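Okay, so chain A shows up in both of these, paired with chain B first and chain C after.
Let's look at the complex of A and B:
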């Protein structure tokens, strides 16, 4: 479920425009060839186009002269910016995995199986026979997938018929549960693991403050860093829940199946996520930012000293939402939807555990939330636009960044966390590196293909290969090497 | 959200809402408010709303400080006398640490 990326294309566009706006100094350092540069500039699209252009438009420069070199340069620049953003994404993804891995290895609660599982996984793999286990895992994964697909379709229907309120409510409810109930469990298990006494008053105060701040940051306005931190934490919590409450083999099967679903949902012509994105584009709306992590890099500077005048966007929650519309939107949306779906799943699972009944409503809420927000953003944009056009656009371009759905965060972390729950650090690191490599490749593809891509398939495939290779082959091999003291 | 894009009047609004929200036993909100708007309140050339923002930021900072002092004091007292308080102490405890052999 993740739509990983999405906007990178938009991203890149933004950067390109940005560099243009700024002038040469920006690229001077790197650009050895001034002539080329100029051509490139000429051929680049005007800033005005930028807003509604898709990525593909970048190369549709007017000037026939120097097209090739211009394109080449464009690609170069895009790759370069892409690389920058890859690194920007590495940090949050690594942080999320770090939270999960450290929790798994320090708090036994999350790796211990106490016979309680999600409602969606009725087969508990208790049989000692491998064939039965495989069958159970496949059945569980199938059920989970059906739930996810239904949720996704439900979300799309809600969005199509503009039930923003429902979506909004759903999202708020889901984040509420995550921020309060799951962080309550987390706090309790943390304290238990370290055997720390805490009084009720302080505990309530901490949870209240933490939860409310999170709700404000995610759904209203808050410092960007804090919002990102909350999103990472929420994703980590969700991943922990999956690790704890999914049966062993099911987890691995689910990871595989979900990345396939991700592929289908994002890339198929009639894939639900694609439909969602297209609808959002038609309506010129943004999908809720709460479900997407954006690497938004703000390039300060430029001539706009008066940021305020430029940024007339008062109500905009996201830094990038405005940008989204221009180039990122599609990918963004996809991610958003993916995230939402991921969330839904998460929510479902949560619901299952906590309150099995409400799970559905939960999911809906989450989905809706995202959409609802999108609406709001659209409003904001409308408001903004009259205020100050040209400066605004530039700014928007500046702010673009790669966006990764929270769902991607969750499933990356599930993989690494699951790998670490067996206590083998080699395997954990192998999975970690594999996922980051997969992410790099996905982003590279993003730069090349310039459309929204699913973030899960490559990374998860690599992760699974590395995991099984290192547990089944590398670990025994190195063990036997160590036993025989080959290295001494 | 990124503050640099936001207009001053909106900033004031956000700052005020954060400040007011802090009264609902939300010192964290005040702390965030203080840090978030510190630059606007103290390190920027004067602008129309700055006076008010400054006031809210200062009050938020003071509130957060008082809260953190009070909370720290309470935690210290609690940890120190929890066992002495007997039943009351146990009732107050969210998580009673287990002993080890």
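Let's look at the complex of A and C:
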């Protein structure tokens, strides 16, 4: 269990580009045409076609205007593309919250307090006095935070000294516990809530298949969708465990404290998560898939480079996407990935000559493609063992995606789930929207700052503000309106 | 039964909103974000207005006056936040325009999405708890209260979702063109619609719902005009048209080419009918293939006849041998 708490502090590594380098050749004379085209678009109130990329086609005739319209469409495409990343995170976060909220509201087990709490929270807030409760909550949260900090630092140390086996063992063990034991508990409570009889043999069969498939998908290979689904489910289960086994006020204090810790861990120069991200970038590795939700393919194999170019340059390697082979619009390649820009900045500081991005010889590209198509398509390539010297994967797809730590999923869902456990749907919706807006702002900041950012602080702050404001202010107001059937 | 009621009321209230979200908003991520953003602004406005409600409640005044006052303030508050939303979105839009040197997102669509966000959020906040209670185990109207309680709530929620969409479209357009008549129409109809629902406590639902739907229809017309619609465009939207979609390639340029070719074919088919290139080609291929199959058939026939005659010849020769 602790394995998953560790990365709790959010870790976001990715980017959304906010601007692009534009070819100079198109700059003249293109100011007039887009406007005209826009007017043409406006004059036709047919919203259902706005998303259709061919909409612009029919307007823009062939001929010399083609280039400019392409440029304009590229702009549009690109903005969509940046926004697409936000949606790609909205969907899984919402799904995770949906699982938690629907479980909480349909299965009484997870919102019922039966006197059993996590070992990390020795004070149970049983006293009727508020001051004692506050003191208990603060003490519990402090203990939990200390545990989390120790675990995180332990993980970083293990990673720093390349004890990959230990980390993997740890992660596998924790996901094993979640996928088998907690899933069993979940299944049992589901069946109990809906009063369904199921014999033990079938239950074991289902759990075995579910769990083993999950282990394979998370730690080895599997379809992307399935892996994402498992990660979401694991995060939801973890959130349910927190909701169930943390005392009332401790949950709120923990949510507050953890977002502060997240801020510290990611942004201070020696913050553990920052070290983790930077080390991973230095080593050109993915951060462990069991800790991170990636919006795109984590182990998509586009190509591999040979050992020399991967290992020797110690992070100078520019794993820029190839030129034409993938059929992307050129502008998509213009995006400077967070990783790359960070690396470039580091290089600039050290005044090391770096190769321009697209200067990689065709030889290399061909090499990659050859290797990718030929020998390394096999499963040993797909294993995401971050072995230092092994041929590593080009992160073309992956770098364009945005990543969100599973811990962020967990704590978002804890907040929303906890809000829904009191039965007021207005509060739940308010928290949901507030968290997603927080996430949106974080991603906006990410696009501006282009460095790994903590995902918890803004969202959780918004969530907490809206939770308390809703329960104290909005809920009584909207209740009195609903009773009188007054609409505003 | 309660479950049926729940689903019925939920779909009356939010069916159109769901349709708008899935058909017009969901495909465009920018619009989805705008929906969430405007929902957030509505939340802020409800926060402020409930704060005001609490403050007014501190003074000892009659319940109805308190309600009327807080509803009025809340409406004004919402319109204020709509203006703030307008300013924010204008800033966002200008930023985008500076960044890309062109108008990347349709401003009309943005105002529409903002309206959807506002409307959905207000609708949700008005009825979601009532709906959640509607699931059961009990229901309204068996012993006391009106049995139309849920139905009225749902249809008013529907009304307000639509109204917020229209109001936003009108409001954004009106602020753009500094048209104060339209702005005041938005505020006045909002006040009117909200204060009308105060009559619900008396149980005369028809007196509330029907005027509200009249307001919806009027506002819809104004919103349609504000969005640049004309009678002509309304008519033409019902006449047949040709739509081409193309997602074959990942390259935009390539898609455009393919789409243009398809459009050409479709237009040709539409205009020339029987004499279009495609129809002609089809006809020709059919003719050729008919000829070929005819030839093949004839050949088969010939071979069969030949075989038969050979077999007959053999047979006769065999027979003659046997006979001899």
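We take it that the second predicted complex is superposed on the first by the 297 of 488 C-alpha atoms of A that agree within 3 Å, B and C clash if a C-alpha of one lies under 4 Å from a C-alpha of the other, contacts with A are read in each partner's own complex, and residues count from 1 in each chain.
Here, contacts are C-beta pairs under 8 Å (C-beta built on N, C-alpha and C of every residue); 3 or more make two chains touch, one makes a residue touch a chain.
Note that the structure is predicted; figures quoted are calculated from it, not measured.
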(message) Quick check on the superposed pair: does A:426 touch chain B, chain C, both, or neither? Answer first, second, both or neither.
(response) second
(message) Output check: A:212 vs chain B and chain C. Expected answer is one of first, second, both, neither. What do you get?
(response) first
(request) Look at A:223 in the shared chain and tell me whether it touches chain B only, chain C only, both, or neither; answer first, second, both or neither. (result) first
(message) Tell me the contact category for A:198 with respect to chain B and chain C: first, second, both or neither.
(response) first
(request) Considering only the touch criterion stated at the top, classify A:116 as touching first (chain B), second (chain C), both, or neither. (result) neither
(message) For A:134 in the superposed arrangement: first (chain B), second (chain C), both or neither?
(response) neither
(request) Could you figure out whether chain B or chain C reaches more residues of chain A? (result) C
(message) With the touch criterion stated at the top, can you tell me which chain A residues are shared between the chain B interface and the chain C interface?
(response) none
(request) Enumerate the contact residues on chain B facing chain A in the complex. (result) 1-10, 14, 21, 24-29, 32, 35-36, 71, 74-75, 78-79, 82, 92-98
(message) With touch defined as at the start, can you tell me which chain A residues reach chain C in the complex?
(response) 18-19, 30-31, 34-35, 38, 41-54, 57-58, 62, 70, 72-80, 83-84, 86-87, 90, 327-329, 423-426, 429-430, 433-434, 436-437, 440, 466, 469-470, 473-474, 476-482, 484-488
(request) Spell out the residues on chain C that touch chain A in their complex, using ranges where they run on. (result) 23-24, 27-30, 32-33, 36-37, 39-40, 43, 46-47, 49-51, 53-54, 67, 70-71, 74-75, 78, 96, 99-106, 108-109, 112, 121-122, 124-130, 132, 149, 152-153, 156-157, 159-160, 193-194, 197-198, 200-201, 227-229, 233, 237, 243-246, 249-253, 255-256, 259-260, 263
(message) Quick check on the complex: what are the chain A residues that touch chain B?
(response) 188, 191-192, 195-203, 205, 208-210, 212-213, 216, 221-224, 226-227, 296, 298, 300, 307-319, 395, 399
